Amino acid sequence: MQLLSQPSCFKKQHVLSVGQYTRADLHLLFTVAQEMRLGVQRSGVLDLLRGRVLCTLFYEPSTRTSASFDAAMQRLGGRTVAVAAGQSSVQKGETLQDTLRTLACYGDAVVLRHPDEGSVEVAERYSDVPVINAGNGSGEHPTQAFLDLFTIREELGTVQGLTITFVGDLRHGRTVHSLVRLLRHYQVRVQLVAPPGLELPEGVREELAASGKLRGEWAALTGEVISRSDVLYCTRVQRERFGSGDEYERVRGAYRVDNAALKHAKASMVVMHPLPRNDEVAEEVDFDQRAAYFRQMRYGLYCRMALLALVMAPM
Amino acid sequence: MQLLSQPSCFKKQHVLSVGQYTRADLHLLFTVAQEMRLGVQRSGVLDLLRGRVLCTLFYEPSTRTSASFDAAMQRLGGRTVAVAAGQSSVQKGETLQDTLRTLACYGDAVVLRHPDEGSVEVAERYSDVPVINAGNGSGEHPTQAFLDLFTIREELGTVQGLTITFVGDLRHGRTVHSLVRLLRHYQVRVQLVAPPGLELPEGVREELAASGKLRGEWAALTGEVISRSDVLYCTRVQRERFGSGDEYERVRGAYRVDNAALKHAKASMVVMHPLPRNDEVAEEVDFDQRAAYFRQMRYGLYCRMALLALVMAPM
Amino acid sequence: MQLLSQPSCFKKQHVLSVGQYTRADLHLLFTVAQEMRLGVQRSGVLDLLRGRVLCTLFYEPSTRTSASFDAAMQRLGGRTVAVAAGQSSVQKGETLQDTLRTLACYGDAVVLRHPDEGSVEVAERYSDVPVINAGNGSGEHPTQAFLDLFTIREELGTVQGLTITFVGDLRHGRTVHSLVRLLRHYQVRVQLVAPPGLELPEGVREELAASGKLRGEWAALTGEVISRSDVLYCTRVQRERFGSGDEYERVRGAYRVDNAALKHAKASMVVMHPLPRNDEVAEEVDFDQRAAYFRQMRYGLYCRMALLALVMAPM
């Protein structure tokens, strides 16, 4: 863990956007995450952040992300102070900057989830302690993108040379946006499969196309698309995105991954999903070794431990 | 604490029903609970689960049970990650099994309270880490039954040979059902006192009668019933169980324990209650040494510490 | 930290009202708080309350106070069990005394916020472990008054001889009431500035006047009042206190502190506010070194650490 005492772009810095990081930065993060994996398997809790306090401030509920950061901090030997904004002074009309400055008095870093994209600028401007963006509206969710990439590396050995297929609602999933942006650092081929109206936002798509990595776009998940994939990255398709229930029922079959769909897949392919899922991935798939989405959460724990350690470890 | 390193039916196993345990298992649990009592009195927090993380997942609110598990885990030197299901991905329609598998990625065990009786089967089938049932609808609440039995042992020296009287709503109290089932391991006499319509469910009653331990049934708490009792186990009678407020007012006096009622009791009798109470036990009783219900919660802390240690301690 | 092992009026005692403390008691508290400041700066977390568990029981939401106590306890090496009363057995009709006695079984002290002034008497009568009042309705908020006084000492070196001006809604702010009462121990001059109808309650005002410390009362904040002040203590003026929005708009300018107002102030004056604020203190003031309200929260952490250590440290 000598890596933690070296200077890096993480140390005492905000983590707001995947755009802040080079491939070398990611390499450092993943190397530390692998150490975390070994450390947790060996002793459950490490002592790297003993004496540190992390505040979590969630303006939107989230089991997964808040519990994951909480567990990550505690497995580093640190302490967590959780603030659910629903029951906070926000109700008394306090601004985000005042709440952040308050928590900066009590903790050594803040994990923030907020419905407004602009929340990250407020954090950058006003917080004296590092703020980690855990989702800013339909903006970014950088730690999810880190853990997605780490999952691919751990499951398949490398990201280089892979064909990665994104399936589902690519418009609203900030997870996908952040991950696609991170993939610019790697030699990959990307396939996009989305229902009409739920395609990747134009800006993200343009950037991807300009990089020469966009392999093709489809309106339905076909056997051929699956057969070329090394990673099948599924996202939640929410009924409420569709005008009518009928419309939803008509398209959902075209994006659903089940055992029949997996017949077309390579033996080494992995199915990923940021969870929670609706029925885009059938439960029967859970029993297929290619289903990586529960392991993905475990990788998330290691990745967030690595990030917290890199940001918060004492000099 | 060498007991913790020995093989036992608790180690790394689910705790779903009192039916899993023999009298020897209970003996082990209570022996460890006594050690916990001494340990807490001596040093406040032990270090037995250092490096372990417990997730608590409550789909129904509960001060007592969740705070008790949280305190128990922390007094063992471990860490707790609390998830209140009201503010979780459950709102996004996630299934119980997916939520459980998520928490199994972050923690080393999960404490689950859920309104459905079937939740324990889901836990058994899907969770990779031990799940401790903290109440499944009107099914069971095994750790409450353990602590009730431990309370009787600690207060009266033994369970053997005692006369135990259950009073109040015996139909809906899962606490009573679990405890009655556990009592099959002991030579006891059981008296049942319940308003018409709130008697013990037929299945539980049959089992008790078949074992020859059912001493009698009454529709009101009489001086004679009290005078024979070594343990008076009261349960909450909820107004909403009755058709009308009048009906409630008419019967409640017949199940209320106050100082007048205690005049009939042995000096060594103990009054127990799982709490919270309404007015089944008058506040004046709190000042009588026979009122054991606050001590009962303290025993609950030791008992849950013992259980967590037996389930989660490293090899 | 030998101070903690000496007998004091804090050790294992309730902290319910500022009226319990002499000037010597406050001196002890502030001396320990200074040690805490050094300790946190040096090592983040101290080990003084290792093995101790603090329960926090909030019947009203509060980011600031509950997070502050949580962080304070954890920075002392202790553990926190948080109970939000909204999701507790209170919903099942449990009395405050029963809930307190429950938590006393799990923790070594309880921090209580409750909307009823009478809650402190219940705590005093029924709790076996020390209860710290974190706000009882419009009664008191003693730890806020402690930290306010500590802030003045740390910022200005002493409280003696200062002119302290209270501005805003002096009627409803329990913070102001507690602080004014504490100031009886010091040689100070007090100026009161409040909108008509929101003046200091008669009892508190009488006591202050009788002590000869009341320097004057105004209905608006003037340059002259500011120029005499060493401390400008602002409080939140809530729109809903006024009959109509018009009325509020008309008076709010008379109590607002902005850069123009600060032109009249001494270079050494400090602006304090218990937070959260509405717009009584303009955001532009945040960038003036005299704005002490964020530092005030940091002092609050040290002060609450000192209090918890004095109350809960082992013999």
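By written order: A, B and C. Residues from 1 in each chain.
Convention: a residue touches a chain if its C-beta (ideal position, glycine included) is under 8 Å from a C-beta of that chain, and two chains touch if they have at least 3 such contacts.
Small disclaimer: the values here were computed from a predicted structure and weren't measured.
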(request) Enumerate, in label order, the chains that touch chain B and chain C alike. (result) A
(request) List the interface residue numbers of chain A and of chain B, divide the shared ones by all numbers used, and answer same when the ratio is over half, different when under half. (result) different
(request) Could you please state the distance in Å, as a whole number, between where the Cα atoms of chain A are centred and where those of chain B are centred? (result) 40
(request) Would you pick out the residues of chain A that each touch at least 2 other chains? (result) none
(message) For the complex, give me every residue of chain B touching chain C.
(response) 43-45, 61-64, 67-68, 70-71, 74-75, 84, 86, 236, 275-278, 294, 297-298, 300-301
(message) Please output the residues of chain B touching chain A within their complex, sorted ascending.
(response) 50-53, 55, 79, 81, 83, 85, 87-94, 98-99, 101-103, 105-108, 314
